[in-house]
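Next up: the structures, one after another.
Common to both upcoming complexes is chain A, partnered first by chain B, then by chain C.
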Partner chain A sequence: MELEALAGCLSSMSCAVTQVSTGLIIGMLLFLVASGLSLIFGVLGVINFAHGSFYMIGAYFAFSAYQLTDSFTLAILSGALGVGIFGMAFERLFMSKVYGRDVLMQLLVCYAFILILDDMVKILYGAEYKLMGMPQTFALPPFQIAGGFIPSYYVFMIGISAVVGLVLWLGIAKTRFGKVVRAAAINPTMVGALGINTTLLYAFVFGVGSMLAGTAGALAAPIRTLTPGMGLSILIESFIVTVIGGMGSIVGAFIAALLIGLTRSFGSMGFPLFVDGMMFGIMALVLILKPSGLLGRPVH
Partner chain B sequence: MLGRSSLRDLAWAALLLVGLLVLPILVPHPAMRDFVIYVIAYGLLAMSLNLLVGFTGLVSFGHAAYFASGAYIFGLLMQSGNVSLPVAMLAAVGGTALLALVIGAICVRLKEIYFAFLTLAFQMFIHSIILTWVSLTGGDQGLMGGIPRPTFLGIDLNDSMTLYSFCAVVFVACLVIMRQIVQSPFGYTLRMIRDNPHRANFLGVNVVRMKLAIFVISGTMASVGGIVMALFVSGAYPEFGFWTTSGEAIFMIMLGGTQLFIGPLVGAILLQTLNHYVTIYTEHHGLVLGIVILIFVLGLRRGLADFVYLWFQDRRTRKLEKETGR
Partner chain C sequence: MTQAMLEVKGIDVFYGASQILFGVDLTVEKGQTMALLGRNGAGKSTTFKAIAGIAPPRRGEINLAGVTVSGRKPYRIARAGIGYVPEDRQVFPEHSIEDNLIIGTKKGPNGEDYWTIERIYEVFPILAGMRTRMAGKLSGGEQQMLTIARTLMGNPEILLLDEPSEGLAPIIVQAIGSLIKQLREMGVTILLAEQNMHFCLGIATHATVVDKGQIVYRDTIEGLRANDAIKQRYLAI
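Then we have the complex of A and B:
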């Protein structure tokens, strides 16, 4: 226990600022992954257990694109779009075959893909750690707020994630298309009867959800080490986020992701061995007090 | 008094035990014994999981947690040197039951997909405890230094044939217990919960309590698998509690099928055989396993034992139709 360190950090403004910024980037990455998971579950009623692997291939796509073109913009785009297209293909070719069947079958399809994708990455990139490196654009002096330093990339990442999250929320809550998506989540048969191609809609939603995971992976590539199997821990954490925030709720995922992010960054100072326990504790508490999550509607 | 079906089950169990004990005499290769012990350990994991998946309709994705906890509690107690082997086994089973009770109490209230993910999450939590509590568990190195097997009641498990027979007896005993549970009124209540939880509730069944009970029972049975494994490899490793172990257990069930009591065991044998050959020929074990899973799930659409079972059923009904038609 290093609770003194935590108390010391909280009382010094500069340290608190640094830790908050770390918490924010963890939270934002989690938010992107979790909102994709939540969106897919909310509309299609399946949990994409391979979502963490999508995050992983997003990171590797970005890594390759950056190596080839030296352009960070292209790296992020290829991570996001590449995984989005991959997700759509995955939905059409595999996932759609097990809709309405046992959860067991859905689980197995995802399990198979986690194994296959991990091994593919191992074959293509090798099993060792990879570093993408910070793009030149962000080789700037860090921002200084109240004596705390925040790397410029962190600011960019938080900004981009916030924009993506906002666009997603506006798209679902305010547009006509968003209305169709919400309707399909409640009554797909009726939506189909009204002349909307639900097959296409499902593939698209799955693609968007995957794209969010890919974007998170691409954004994480410069600041994380790339390794096969890197998707698993973020899968578990983003699931905790969706449980706390409520399945299908984007705003809930946002709040919960920040909560978990800050718990992680401050917890790793104060009680490094119990950070995981703390996250699970929060989740268990939410499940006991409000099983549908902070902002979730009851699962139908 | 035992009913006819129970007697028949016991006869089958005796036959299986004799078969297991005769096998190493027929095939005197030590690799055969090792293979059977692996099948026993993972078979117990898969069969106990099927109590949840097949009989109650609870798809748990975190079942390896109890496998690992059985192995670790047993290993740690034996290494402490203070307790005899049967006591350590009982303590490991009891400790795991307690763990399953706590996790189950949180999980069984949830809808199926939530349940699957939450059990997975708790398993990863336990895995991370094993990894971080290095002073107790040895972290990612696993429980090193070997697990002593002191003689008890004149049984010396350091002899490999005795160890094999001991595992076989434990295995058959667990099968009998599980079979009894499945065939009891409680077992049929579980099937009702699987098929129609609302109706079960309406008939006055306390669904949550029943689910929790089978969750704990199934966890304890998985822990016996873990104990057998720890006893055999003389150690415990974090992989026991990793999510891939749970995934494999689920695949064993699917492979063997959920229709038959013995199905998951067939799955365990098939998967162990597959693993054995795959690791000989390639290092890309995940790739091959993943493709095999996809072929089964999307191609065959059911497990092998189910496939054969349904084929026989089909034949029988056709035969009956023919006879009645005549």
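Then we have the complex of A and C:
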């Protein structure tokens, strides 16, 4: 334990600012991935165990697009849209076949794709680490707040994730489409009887959820090493986030993701050997005190 | 001869291995309010589910204004103009009244957009007073009105009401009855499934009686009113 280091950091504004910004980017990435997972589960009732792999291919799509075009905007777009389209196809061709079946069947289909996608990445990019590098646009001096330094890319990433999250939340809470989506989550038969094509709706929602994972992967590409299997750790952390926040709740995912992000960044100073333990500890505590998660609805 | 609005021709419906409907024929002309009467378990709800495409018939066909709709998916049957209001109300409980109506909004099969939210509130003043109330918090009668209103928002050619009086207090049943009469007078074609014959005698124009999955009687509502034998045999409780 290095709790003195943590106490020292918390009492220094500059260190606290730096650690908070690190916590925020971890949290925002987690939020994007977990909100996609949560959205898909909330509406379709299936768990996309391949969600972490979608994050991974988002990063590789962005990597390739950036190498080809040298445009970071196109890199983000191809990560987001590419994975969105891939997700829709995956839902139509594979996932839709196991709706209403045993959750083990869903796990099996998804696990197959985790392996296939990892191998595809190995075949196309090789097994070694890849670095995309920081786009020129962000070769700026870091922002300085209260003596702490925040890289400009962090600010951009936090901002864009917040915008994506807000658009997602507004879209679900306020638009007619969002209302239909929430209704379909509760009573798809009735929604169908009102003339809404739920098959299309499911594919679209799965696509949006996948797009969130792809966006996170693309945003992570400049600051993370790309490697086959990079989806696994984020998948597990996203599960922790959705369990803490409550399955199906976007706001819950947001709060839980920030909680986990900050636990990671401060924990790595104060108790580096127990960061993972701490995350699972928080999850266990939530499961004991409020099994449906912070903002989840109790399951009837 | 005028073309029937809804024509059910010889449908057989099964749940798994057990047959529920045996060659059911049913015709509703435009502007009629047809009561589909029968005891609990006679096959009324199954007939409705077959028409709505939720329990597709294994044999026979269902035509809407001369176009075959059986075999289509439920959402396409709804878009063709069949407005199905299920028996257990099924409002979206965590949506407000107004959001329930918004979800039901669509144009009719020929682009009709007669029903707007404002027009719904004129016909259903009770809903207008609590637009933002969660549907799950409404009383049974209010939920029944909301499901009817929600389906009307889709501008259907024919409204299928499955047991709208079920489980409601007599005074609420009366309110639902006068609402259905009002819709009839507005020209809405209605197929109404009921166990409650007295409720139907007051509001329907025609009657069909179903028993053990088969149609056993069809006539005008006056004909049924005068026919004690049928009432005694199939509808007495």
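Keep this in mind: the second predicted complex is superposed on the first by the 299 of 300 C-alpha atoms of A that agree within 3 Å, B and C clash if a C-alpha of one lies under 4 Å from a C-alpha of the other, contacts with A are read in each partner's own complex, and residues count from 1 in each chain.
Everything that follows uses one rule, which is that contacts are C-beta pairs under 8 Å (C-beta built on N, C-alpha and C of every residue); 3 or more make two chains touch, one makes a residue touch a chain.
Keep in mind that what you see is a predicted model, and the values were worked out from it rather than measured.
When the two structures are aligned on the shared chain, A:196 is found in touch with chain C, with no touch to chain B.
By the touch criterion defined above, A:187 reaches chain C but does not reach chain B. Contacts of A:67 after superposition: neither chain B nor chain C is touched.
Looking at the superposition, the partner that touches the larger set of chain A residues, chain B or chain C, turns out to be B.
Legend: residue contacts after superposition of the two complexes on their common chain; A:122 is shown touching chain B, with no touch to chain C.
Looking at the shared chain after the overlay, A:179 reaches chain C, while chain B stays out of its contact range. Once both structures are placed on chain A, no chain A residue is touched by chain B and, in the other complex, by chain C. Chain C makes touch with chain A in their complex at residues 52, 54, 73-75, 78-79, 84, 86, 90, 92-95, 99, 102-106, 150-151, 154.
Put simply, chain B touches chain A in their complex at residues 53, 59, 61, 106, 109-114, 116-118, 120-122, 124-125, 128-129, 132-133, 243-244, 247, 250-251, 253-254, 258, 284-287, 289-291, 293-294, 296-298. Across the complex, chain A meets chain C through its residues 176, 179-180, 182-183, 186-187, 189-199.
Against chain B, in their complex, chain A makes its touches with residues 41, 45-47, 49, 94, 97-98, 102-105, 107-109, 111-116, 118-120, 122-123, 232-233, 236, 239-240, 243, 247, 273, 276-277, 280, 283-284, 287-288, 291, 299.
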